[in-house]
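Here come two complexes built around subunit A, the first alongside subunit B, the second alongside subunit C.
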Partner chain A sequence: MIWHQFLSLAGSYPLALRGLGMTVVLSLISLVLGTLLGFGLGILRTGGNRLISIIIGAWVDLIRGTPFLVQIFLIFFILPEFGIELDAFTAGIRSVPTGQVEAALASGLSRWQRMRQVVLPQAMRIVLPPLVGQYVLLIKDSSVVSAIGLTDLTRVGWLVVQRVPNGLLVFFLVGVGYFIVCYPLIMLARRLERRIGAAHGEVQL
Partner chain B sequence: MLENFSFRTIVEYLPLFGQGLVTTVWLSALSFVGALIVGIVLCAMNLQRGWLFRAPAKAYIDAVRATPLLAQLYFLYFGLPRLGFVLPELVVGIIALSLNSGAYIAEIIRAGILSIPRGQVEASVASGMTYVQRMRLVVLPQAFKVTIPPLLGQAIVLVKDSALLSLISVAELTRAGQLLASDRFMPAEGFLTIAAFYLLLYYCIKGLAVLSSRWLGTAGARA
Partner chain C sequence: MTKTGMIDFRGVNKWFGALNVLKDITLSVEPREVVVVCGPSGSGKSTLIRCVNGLETIKDGNLIVDGQRVGDPATNMTSLRTEIGFVFQSFNLYPHKTALENVTLAPIHVRKIPRAEAEKAGRELLAKVGLADKVNAYPAQLSGGQQQRVAIARCLGMRPKIMLFDEPTSALDPEMISEVLDVMVAVAEEGMTMMVVTHEMGFARKVAQRVVFMDAGAIVESGTPDEFFSHPRTDRSRAFLSKILRH
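Up next is the complex of A and B:
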């Protein structure tokens, strides 16, 4: 019985690979776009213009205050009403990056002139650990795009479990897939944090 | 465009949204209590000296943090019946949220306890306090203060995460939006309304965080 299921699962490994590929590609694109957007907004917010920083602050609250699933549904279902037709893939990407603003904001960046020479290089050291942590969140959040029908790793698990009725095994394997991608990043974030802590002369307890 | 945005339909569906909101609030509250229990147990295991308790706690925390909640939710949803536990979706959802948030809360509490300067711990050991006295009188009261803000942050995350339970058809807030979207083909009305409700919850918890930090600040000044 179990052996039979194993064979059936082994048969669906191309699908699983495609799902993992989708998860990685989607995350990578979102990661690049999100980082750019986040840094841009973060720099603008601390740029000195009060109106701009209030607007960006409100936008960040709007994003942070609503579930990602709801944001995905909004983009996927409502943009078409404005005549903007996105396929699921683009909708998925559009909605992922916004969460990243925080990491850039957390750094307390200063004016543009001082930015490049003084602030950015130093801020980078402070931003990097939470930024990497945010990337882990992003990869995990990308699982939510399965709800609008993208065949990512989670959706593959959902599809396979309809054929192979062993939810424990199937989603254990899905979990292993994510773990392989995310765990190295978590370790990296920890190392960066420790290194920066050491550079600041803090004592690790 | 949204020119035929129907406020009337939203009002018509208001009882449904209300029910969804109430469900979201109490299931999040219940899951938060569950997560606190899971977190405290995990943290206690993680702070032990021997690896016997530490290793499983660490492995569990890493496994939860490196995998998406949705995959964990499906794992329990499709997996529990296989182990002979046929539970209502709502219960599965609360279990999943508790187990997930518990791992994060364990780390928050741990950071709080470790933030107490080592000298204080040594001083209380030197003055002959037992482990329980040391924890109760020195470490925990201070750690409590440090952990409240991140715990409220985790509460916000939990409320937002609870939206995923709609995908296993728990009748909470997001589900109400989905129903309006699919019954009447009005996704804008459905999802914008629930987004507003989530924002309301977000600002409530955020306000609580501001209040608590003010209260804890004065408490700190008095001490």
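Up next is the complex of A and C:
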């Protein structure tokens, strides 16, 4: 019985691969866009203009205060993510001690040079581990796009289970699919955290 | 028009909220002069020197540095700052850069000196402050005294006209103070214009032309180190000196 279902499942592997591909592509797009936007707006938010900082802060609160599934229906997929990553970047930039900025200021570095040479390299050390952890969440959360009809890995699960009525087996395999994508990132986050724990002045990006 | 010094405070006032942290400061520092600023904590001495390179803004009065008015919209503060070295109490070295990179960062990016040339000059400066063997060390691998010497070399790398020191030895273990003071004496003897916030009287006696004593935001007394330490004129300076001399 199980064996029979398993064979039938094996037959639907092209569909599963397509779903996995969709999950990875969607995650990648929102990861890259979310990071870039979060990075840019994080810099803007700490830039000293009060109005801009308030508007961006309100955006972050809005994103945090509404369910992901609701946001998906409203604005698809990309916009919510950078709200979260934006906060990580803001926190990272603010964690760099004032003395660092003053030292850079005193030696005549321009605003951009201060960011590029002094603030960001130090902020990245703080931001990177939680950011990679955030990427893992993002990949898992991408499953909600199945609700708007995109054929990602989770939706493939729903489609297949209609043919092979063994939900436990089907979604176990769906879980394995997500794990294969996420596990390398989990390992990366752990390595980055360990490196920052080792009190060394060096950072390699 | 009266003669202007390298650093010229004329009736400078500053408030933090209701607190008048700098009260009608008038003080002129001549080229090649070394002025030591001392006084009890909270007297405004750090604020005073932080105004010189615009880390603090002034409320009214004039502050002219190297012929340019600080805080004037017409003054390019970024370029004025390249002429002023600032040594912090807490060193503020860039932790993600080596000693040499700390020294060469501004020369390469601000002065646009070619990297090879900047690194050669940087190595020479680090050798001058006694750290030739620490060129590739990160700040976390250096002692406090070594970090502060790198910080001084970092300022010298810009070939500034003025050097400001904000309690450069206060965060150091006692056995490391003299190695930093020795470097400062060497810088002073080369003719650098310096304002130094410190209670190190040995340093003041050795190189300072003038000691300025501040209390509650005002300059209370000013004179040669010998006058000030041997014959303080006011009750407040006598009280202050008896406290720092007791230890």
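Annotations for the structure displayed:
Throughout what follows, the second predicted complex is superposed on the first by the 161 of 205 C-alpha atoms of A that agree within 3 Å, B and C clash if a C-alpha of one lies under 4 Å from a C-alpha of the other, contacts with A are read in each partner's own complex, and residues count from 1 in each chain.
Please note the rule applied: contacts are C-beta pairs under 8 Å (C-beta built on N, C-alpha and C of every residue); 3 or more make two chains touch, one makes a residue touch a chain.
These numbers were taken from a predicted model, which means no experiment stands behind them.
Once the two complexes are laid over each other on the shared chain, residue contacts for A:R125 go to subunit C alone; subunit B is not touched. By the touch criterion stated above, A:G157 is placed in contact with subunit B alone, subunit C being left untouched. By the touch criterion stated above, A:F171 is placed in contact with subunit B alone, subunit C being left untouched.
Of the two partner chains placed by the overlay, neither subunit B nor subunit C lies in contact with A:W59.
Note on subunit A: of its two partners subunit C and subunit B, the one contacting more of its residues is B.
Comparing the two interfaces of subunit A, the one with subunit B and the one with subunit C have residues 203 in common.
Looking at the complex, you find that subunit C touches subunit A at residues 53, 55, 78-79, 81-82, 84-86, 88, 90, 92-98, 105-106, 109-110, 138-141, 154-155, 158. Residue ranges of subunit A in contact with subunit C, taken from their complex: 97, 99-100, 102-110, 113, 117-118, 121-122, 125, 199-203. Those residues of subunit B lying in contact with subunit A across their complex are 1-2, 62-63, 65-72, 74-75, 77-83, 114, 118, 156, 159-164, 166-167, 174, 177-178, 181, 187-188, 191-192, 194-195, 198-199, 201-203, 206.
Residues 61-62, 64-71, 73-74, 77-78, 81-83, 136, 139-144, 146-147, 153-154, 157-158, 161, 165-168, 170-172, 174-175, 178-179, 182-183, 186, 203, 205 of subunit A are the ones that touch subunit B when the two sit in their complex.
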